[in-house]
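Shared between the two complexes below is chain A, which has chain B as its partner in the first and chain C in the second.
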Partner chain A sequence: MSSIYFIALPLLFGFATPIFAKFGKNGIAYSSVLLQASLFLLSIQLFVTMDKSIIEVIAIAPPLGIALILDNVSIFFVMLFTFLVLMGSLYYLKLREKNPYQNEAKFFILINMLLASAIGLVLSSDIFNIYVFFEIAGISAYILSAYRKTPKALEAGLKYLITGAIASIFLVFAIALIYLHLGTLNLALISQGFTALESDIKLLISLFLLIGFGLKVEIFPLNFWVTDIYEGSDAFTDAFFSAVVVKAYLFVFFHIVYLFLPHKEFTLFLLYLGAVSMLIAEIVALRQTNLKRLFAYSSLGQVGLLFVAFSMQEAVSITAGLYILLAHSLAKMVIFLSLASLFEKYKKEDISLFKEMNSPFLRNIIIISMLSLLGIPLLAGFVGKFLLLKSIAFSGLFVLLGLLVLASLIESVYYFKIIGFMFSKEERGEKFSLSTLQRAVLLTLTLGIILIGIAPFLISDFIATASSVMIDVRSYQNLLLGAN
Partner chain B sequence: MIEGILEYLNQTEVIKTIVILGSMGLFFVGLFGLLSQRHIIKVFISIGIMEIAVFILFIGLSFQKGLTAPMLGDAHTSFVQMNDPIPHAMILTAIVIGMAVLALGISFAIEYYKLTGKNRLDQMNEMKH
Partner chain C sequence: MRIINTLLAFLSLALLLSFWQDNFSFYVDLALLGLHGVVVGVKTSALSNVFALLIGFSWLMVSIASFASKKNTHSTLFLWLPILSLALFLIVYTVDYLLFFVGWEVMSIVSYFILAPTLTPKALLKYILFAMASALALLMGIVILYSGAETLLYIDANHGFTLLSQQMKMILVLLMLFAFFVKIGAIGFHYWLVDSYAQADDLFTTYLSAVLSKMGIYGLIIFLTQVVDIYSLDWKILAYTIAIIGVTTSVIATFKAIKEDELKRLLAYSSIAQLGYIVTILAIAGGMGGVLYHALIHTLVKLLLFINIASIIALTNRSKLSQLGGLIYRTPHSFVLLLIGIIVLAGMPPLAGFASKYLVYTSLLDAKMLLILSAVMFASVSGFLYVYKLIYGIYLGHPTHKSLESVDEVSKWYLIPQYIIALLLVIIGAFPALIVPTLNTVLVQLHVAPIPFETSTILESPLGAYNGFVVMSAFAVIFVLVLFFVWRVKSKAKNVKNRFDIAYCGEEPTSATPLHYGYGMGQELQRVGFIAIIWKQSSASFYNALTLMLFSLSTRLRKVYTGNLASNFNWLIIFAIFLLCWGLE
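Our next item is the complex of A and B:
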């Protein structure tokens, strides 16, 4: 039953805050970090002691009841999310001394809700539970986005909320159609019955699912407001949006695609959608001057790349996708967390900030993260990009290959522009150094990027199993229905 | 005459056709509002209408004539001759979530209006440089 702790404990944290508040003014902050640390350790423990494939199936009165599945691929996401949220919370422990959020108890509740719902999205194998976690993640993200209550933050929150509400309507519509035609909400039963449906109903359901999830995973052309949302929110919360929330939605979307629509025709569309999305995002990113906006466009580009990787529907490219996802989450966490400190210090969000910045440590780790996003060898981003381009080349999709290489070239232009700003010989102010804890957090994340880049074989077995589990629909069905 | 019309309307196909046409009409009213209106509160109302349309469609189509509500009571002591309770449970959850989201949205809109005096989406341009 341990996988239920990942969802229940962070949610229960909210109710327990009055007790933690009794431990002094740091009580809530430290207990939140403690909770996330223990969840991370729990996920490590589950990972270490797991069997070859399945770890845990919790099915309460299937096929109607709740079912949670913790298998190789979902443990990957659980470990990633708990780790990233833990790192973010540790970083915030120092950030809050100078620039805390108002009503911090609420802020910690929201962060934990975000963690619980991201994990819930990944674990649940019931489409209505997915809808509920979809909404919990959405609501906590809207509030986090508007948390500062400045005009910009409120505008971002409103835009996030409107897109999210539209997304949830289409998701409910899709779920209603699925239930009316198949009479079940269980993912395994739906995936068994889905191929037998009439083709126009299938098209309608997949269209609604694409709109519903597309608004959340920031795919072109549904990402019109995403950059506004990133710019209006705090850099600290952007780190969570980019590294955790979007990744959870992305995984669920492709999990549903593999289960329902394992046809090449549908995924060919997603493939080119991803490539076009990446190309457009990188082109628009070129002329951005606001840093949050610029890195938001870079996130959109990376999501496009992930769309390509997951739409290939082959174990090799999914492996590549998981590597890219891991590298991107780590890098964006580093970048947005360091931006949060830099904005707070220099009181500006413009790209010229890097001309004033005087902090060799932050400069170096931001450069390492950007080079990793670009896919420079010996960094984590290279492994995924290389595997993906190789598998595309083997499939003979050379137009797609050309689009991706072109997008990466454009991406490199603005990354190198930023690096140029960092080394420009301008007058720089006094040296800015972070506290030890913040350095440790950023250093851990950066070491992760370097370690995966130098020695991908450390995790290659695990990721290869995870990707083969993710695409293996038949054994997922057996796993879920066999639990009866 | 009246009885004939009622008899006709009482057929399952007719009821379901009315539900489909009505709820889809409502859905497109909401969609039109969403695309044409720029006042924030009107956008939220449009979203609410679209949500309600989906709920009506789902409940209306999953309802079967001749079966009772899925509740145990004086006359019903076992779960036979009852409608499927799952759509009701689902829609109840969805209504609560939808209402919470809209309430949150309106509270954002009020705060935003207090700070900036703006209440239209096309005036929201804090991010434009």
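Our next item is the complex of A and C:
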């Protein structure tokens, strides 16, 4: 039953805050970190002790009740999310000394809700629960983005709320249609019955699903809202949006695609949609001067790349996708966390911040993260990118290959513009050094990037199994139905 | 730092020479990464040894020269130089395209960090964007080749290449040529090169010109001979195109060099021109001997010249020909060394440059490519102008500033590497076939005809031979005679204390009255129509237009993201309608 903990404990944390508040000023903060650390350790322990690909299947009151599956691929996401949220929270322990959020108890509750819902999205194997976690993740994200209550933050929160609501409407329509026609919400049962549906209904459901999730996974042209949200929110919360929330939505979306919609044409459409999404995001990012917007566009570009990787529907390309996802999460976490400190110190969010920045440590780790995002060898980003390009070439999709390479080239323009600013010979601002804890957090993440880049074989077995589990629809169905 | 660096360089060179004959190989299977059956590895071979020798030697020379400057002058350079050299060794020793790409990218990025402190932001961005474009083209090419061959090893790549469709072959060849031409700085792709060379740390420019540009040549050799088989009939047009690109590069770069006033820019263009010769004969069957010979000589001579220039810039703090002059009396050693350097660069007998040019000419003649041969000769002879300008501008004529009259000879740390290289160049000049056996092992490895070899003094070619030792002896006799007469004349002349005042009648020359001849040398060529065209044209306008286009596209696409939620939902509706129509189809 341990997979329940990943969802239940962070959600219950909210109810327990009055108790933790009794332990003094830092009670809630430390207990939140403690909770996340123990969840991370729990996921590690589950990973280490797992003998087969399946770790746990929980089905409560099937076929309409709750079903959770913790298999090789979901443990990957659970470990990643708990690790990243833990790192973020540790970082915040120092950040809050200078620039705390108002009413912190609420903030910690929201962060834990975000974690619980992201994990819930990954573990759920019935579409109604997916909808519930979709909403919980949405609500906590809306509030987090508006948390500072500045005009921009409020605008961001409102926009996020409206788009999120529209996404939910589409999703709920899709679910209603599915339930109406198939009488079940269980993913396995839906995937079995889906092919037998009338083609019009299938089309309508696919359309609703694509738009509902498309808004959340930030794919072109449904990603118009993203940059405003990133700009309005704090850099600290952007780290979670970019590294955790989007990844959870992406996983669920592709899980559903593999289960019900593995048509060749649709896949091809998603492939080119991803490539176009990447290309457009990178071109638009060229002229951005606001750093949060710039990295938001860069996130959109990377999501496009991930879209391509997952749409290929091959074990190798999914492996590539998981590597890219991992590298992107680590790198974006480093970048947004560093930006949170830098914004607070230098009081500007402009690209010229990097000219003023005077901190060799931050400079080096930001450069390493950016190079990893660009897919430079010996850093984490290269492994995934090479595997992806390889599997695209093997499928004979050379136009797609060209598009991705072009997008990468354009991406390098603005990354190297930023790196050039860091070497600018203009006068630097005040010297800035982070606290030891913050350094340790950033260093851990950066070392992760380097380690994966130099020795990808350390995790290659695990990721290869995860990707083969993710693509293997038949055994997923059997697993879920067997539990019933 | 620099001591460690020098030791490392020395160690790598010693290792290389002591294991010259030994074969060493190391392979790794990438099945762990999900790439089943893919093997990567490193292996020593004759070709890689020769290129590794160039790397190790240049590294050592640059390191020795660095002792001349103050302790922390080149700290960034020495932090990265060992890593850069390691990446270069990886490039030359690997037997597969994956490690080649890793080395290539590390080379580009590490060079970026070395260049970053000294370049202007614009030049820096230019450098890295070309480097990234090159790397991405290479990556795309590798992936396409991989999809045909299902392996990344060079030895299987040829088979994989033949499996590709004609169209893909063409795309692949274009991508790879682009990747390597950018590094070499072939004309049109040299936009980044001159600025980077001119603004880099003086010693790093030496390394850039001597070694990094050779990596492009190495890549071309591997790709064109191992993968494409350029000398076969199917690729005749491609080979001819490459030869024409090479020779065009040489001609244009030579004239650009003649116009330059800045020392390092002049040598940068000269570097482009010399690599142009190499590219030209690389495309010709029977030219491989000349390629290797010229690459070797060019590495040596560029080391010599750039270290010489670096020493002059360090000594006088001036980097333009129009600001220098008359240094022969103050720095006689440097003068003699530069003289040796330019004789080699110009390809004149009796020094080593003639031997390599001789191979270039004979291989072109042998292939009956007379038009290209005449263009190469034209460029080569025109090259005399800029090498003369170089030595005249710095050492001869009158000094242009008082401070030039009071400098001392350059530091001995600059002179030691230059003397070593000069000695090598003289030895190779007298014994031009000395290195032929080594080169022949490479030629055998590449499956091309070796250069005929009898004794080390006679360099043979299909069209005849020349005896370097005899030529050298004749020149030596004439030189001694001339020196004797000069000494006779000189002993009667009166030594003038202050040449500066005599030359300028006590006036101080300003930039408005540049009396130094080096300033305008070669400008009269303006009257020749096509040279004026070369001087006026620049690839800058093309790249600027490209940037502008990209930026305006960016501005337009930005309008998709209006920030106005209401109008944005139009996109959603359009998207939904599109999907619906597409789905109903």
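Criterion: the second predicted complex is superposed on the first by the 484 of 484 C-alpha atoms of A that agree within 3 Å, B and C clash if a C-alpha of one lies under 4 Å from a C-alpha of the other, contacts with A are read in each partner's own complex, and residues count from 1 in each chain.
Note that in this section a contact is a pair of C-beta atoms (placed from the backbone, for glycine too) under 8 Å apart; a residue touches a chain by one contact, two chains touch by 3 or more.
Remember, predicted model here, so these are calculated numbers, not experimental data.
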item: Chain A: partner with more touched residues, chain B or chain C; value: C
item: Which superposed partner A:F361 touches (first chain B, second chain C, both, neither); value: neither
item: Touching partner for A:I410 - first (chain B), second (chain C), both, neither; value: second
item: Contacts of A:S460 with chain B and chain C, given as first, second, both or neither; value: second
item: Which superposed partner A:D228 touches (first chain B, second chain C, both, neither); value: both
item: Contacts of A:K159 with chain B and chain C, given as first, second, both or neither; value: both
item: Touching partner for A:K149 - first (chain B), second (chain C), both, neither; value: first
item: Chain B versus chain C as contact partner of A:I376, first or second or both or neither; value: second
item: Partner chain in contact with A:Y346 - chain B first, chain C second, else both or neither; value: neither
item: Overlap of the chain B and chain C footprints on chain A, listed as residue numbers; value: 159, 162, 166, 228
item: Chain B residues within the chain A interface of the complex; value: 34, 40, 43-44, 47, 50-51, 54-55, 57-58, 61-62, 86-87, 90, 93-94, 97-98, 100-102, 104-105, 108-109, 111-112, 115-116, 121, 124, 126-127, 129
item: Residue numbers on chain C that touch chain A, as the complex places them; value: 32-35, 98, 101-102, 105-106, 109, 112, 116-117, 121, 124-125, 128-129, 132-133, 136-137, 139-140, 143-144, 146-147, 168, 171, 550-551, 553-555, 557-558, 560-563, 565, 568-569, 571-572, 574-576, 579-580, 582-584
item: Contact footprint of chain C on chain A as seen in their complex; value: 159, 162-163, 166, 203, 206-207, 210-211, 214-215, 221-222, 224-225, 227-228, 269, 280, 283-287, 315-316, 319, 371, 374, 376-378, 383, 386-387, 389-390, 392-394, 396, 398, 401-402, 405, 408-410, 412-413, 416-417, 419-421, 423-425, 456-457, 460-461, 464
item: In the complex with chain B, residue positions of chain A that touch it; value: 64, 128, 131-132, 135, 138-139, 142-143, 146, 149-152, 154-155, 157-159, 161-162, 164-166, 168-169, 172-173, 175-176, 179-180, 185, 228, 231-232, 289-290, 293
